[in-house]
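Should a chain be cited, it is by its letter among A, B and C, assigned in written order, with residues numbered from 1 in that chain.
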Amino acid sequence: MHWEFVIPGYIVAVVVLGTYVLATVKRGRRLSKQLPEGKRRFLDA
Amino acid sequence: MTTIDTAGSTKDATATTGSKGTRMLGAVVAVGFVALAALALFITPPEATQRDAFRLIYIHVPSAIVSLYIAFSITLVGSIMYLWKKSVFWDLMAEASAEIGVIFLGLTLITGMLWGRPTWGTYWIWDPRLTSTAVSFVLYSGYLAVRRLDMDPTVRSKRAAILGIVSFANLIIVRYSVQWWDSLHQGQTFDVADTQMDGIMLFTFVFGVIVMNLFFGWLLIHRFRVAWLEHQIADVGLTEAIEARRREGVS
Amino acid sequence: MLRDAKLIAGKDLRIEMVSKVLTTQVIPFGLLVLILFGFAIDPDLQAVGRGVEGNSRAVLETVAPGLFWMAVLFSSLLAIGRSFAVESVDGNLDALRLAGLEPSGIFLGKAAAVLVQLTVLEVVLGLGALAIYGAPVGHPLLLGVTVVVGTVAIAAAGTLYAALAAGLRVRDTLVPLLLLPVLAPVLLGATIATGAALFGPASDGWPWCAALGAFAVLYVAAGILAFGSLLEDS
């Protein structure tokens, strides 16, 4: 019982976290392209 | 360092915030989530009194732990370290961690409300946990707002660092004052801590905490790298502007 | 430090005497909020049960402590914003720093000026609230101490957070967002203590009043420590 609360809850979790993951990774790709290779990572600095 | 990747192109292996380490970690996390879902939704039995609504706890509590105990603590440490050592690493770490913390906190609130409806009968009750979580959400949203302000980056980082420290103190104050207030009334709230978990349920719960924390780590690496890229781009932009000005001056 | 504080507090209060913003704008705003609460909450609604021992009491009267402090909080946003608005003319804050004044002194001075203004506001609002909401004053001493301590907390925290946003165009929207979650525990404690001062046993209120005191001390200390960093290169 109560599945009408559990399922939306898990869906919300997947959607929220998934969207954040995608947004962050995409942003990372976009920003990386703006810099020359040696300057992209903290450990390279 | 260029490598030939499977798509056949020879450029830009680092044109992403991913790396071999994060890909391995990411794979572990992905598998972990699948296992967690299977455990939480199918393998574990419904809880004695809360029935299937309890299954939300397997994501609700780990989210809360990750944000309130881990993420904002990192922001605190980062803020202190930045003020002390002026280290860009710690400043960016504080920022990345806070953003992830707010996301998880939002998730905590939503899953908490969806758990509350079948358990307490309403979507919201003014109990210490939920109330202080809601205040904390706004508190750190303010921190994120300050980080996005259009101002000199060094000044902004310094102010954000002070805010990061004070906000953590406020987190604790809010938590304790609402708890104290609640303790003065007859305890009428049905708290997560009241539930008995053992066997497969306890295992799933602990497993959920571990998976969420690993996921947090994965996210933190990526988000930190994004912050670092932004910092570098701003730096490069500044250097170029100075160069352009200098060239103007010479001619 | 204290000498500088007195200097700054005097300056701010003298500006207020001349411009009369508090008396002509902030206090009327506070009174308006109190009155509007009366529109929002039906004065004939009665409360019974926990917290209202014996016969029923009007809802508006029962929540009067909370409404009073909400009105104070909203008005304090205006007062605190004003405290820093007077500094943004011709780079005043920079001039103060360069003049060799200690930042902690500037903090204490500005917070003290805000404290004085808020106290005046609260006397007016307090009388207004007692009149329109019709609450009895059971324990005046607790009420007085709570109001003083709560106001110190608001003034100190407000001055600190306003400095964080000083000089920014978004100051007026940022300061409320930053300050109000911070003051949520103050609102809680002050309301409970005030409620005890009006209706209930004083012993219910004193612990909360003490907690407010601790909060106030914390924020005065934080302001003294952090104000220097905040004023640098602002």
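Everything that follows uses one rule, which is that contacts are C-beta pairs under 8 Å (C-beta built on N, C-alpha and C of every residue); 3 or more make two chains touch, one makes a residue touch a chain.
As the structure is a computational prediction, the values presented were derived from the model and not from experiment.
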From chain A, the most remote chain by mean C-alpha position: C
Closest chain to global C-alpha mean, per-chain Cα centroids: B
Centroid spacing, where centroids are CA-atom means, of chain A and chain B in whole angstrom: 12
Whole-Å gap between the CA centroids of chain A and chain C: 41
Centroid distance [mean C-alpha coordinates] between chain C and chain B, Å: 32
Interfacial residue positions of chain C with respect to chain B in the complex: 50, 160, 164-165, 168, 170, 174, 177-178, 180-182, 184-185, 188-189, 192, 211, 215, 218, 222, 226, 229-230, 232-234
Touching residues on chain B, where the partner in the complex is chain C: 83, 135-136, 138-139, 141-142, 145-146, 149, 151-152, 154-155, 158-159, 162-163, 166, 169-170, 173-174, 177-178, 180-181, 185
Residues of chain A that touch chain B when the two form their complex: 1-3, 5-6, 8-10, 12-13, 16-17, 20-21, 24-25, 27-29, 31-35, 37, 39-42
Residue ranges of chain B touching chain A (in the complex, touch as defined): 1-2, 12, 14-18, 37, 41, 46, 50-53, 55-56, 59-60, 63, 89, 100, 103, 106-107, 110-111, 114-115, 117-118, 215, 219, 222-226, 228-230, 232-233, 236
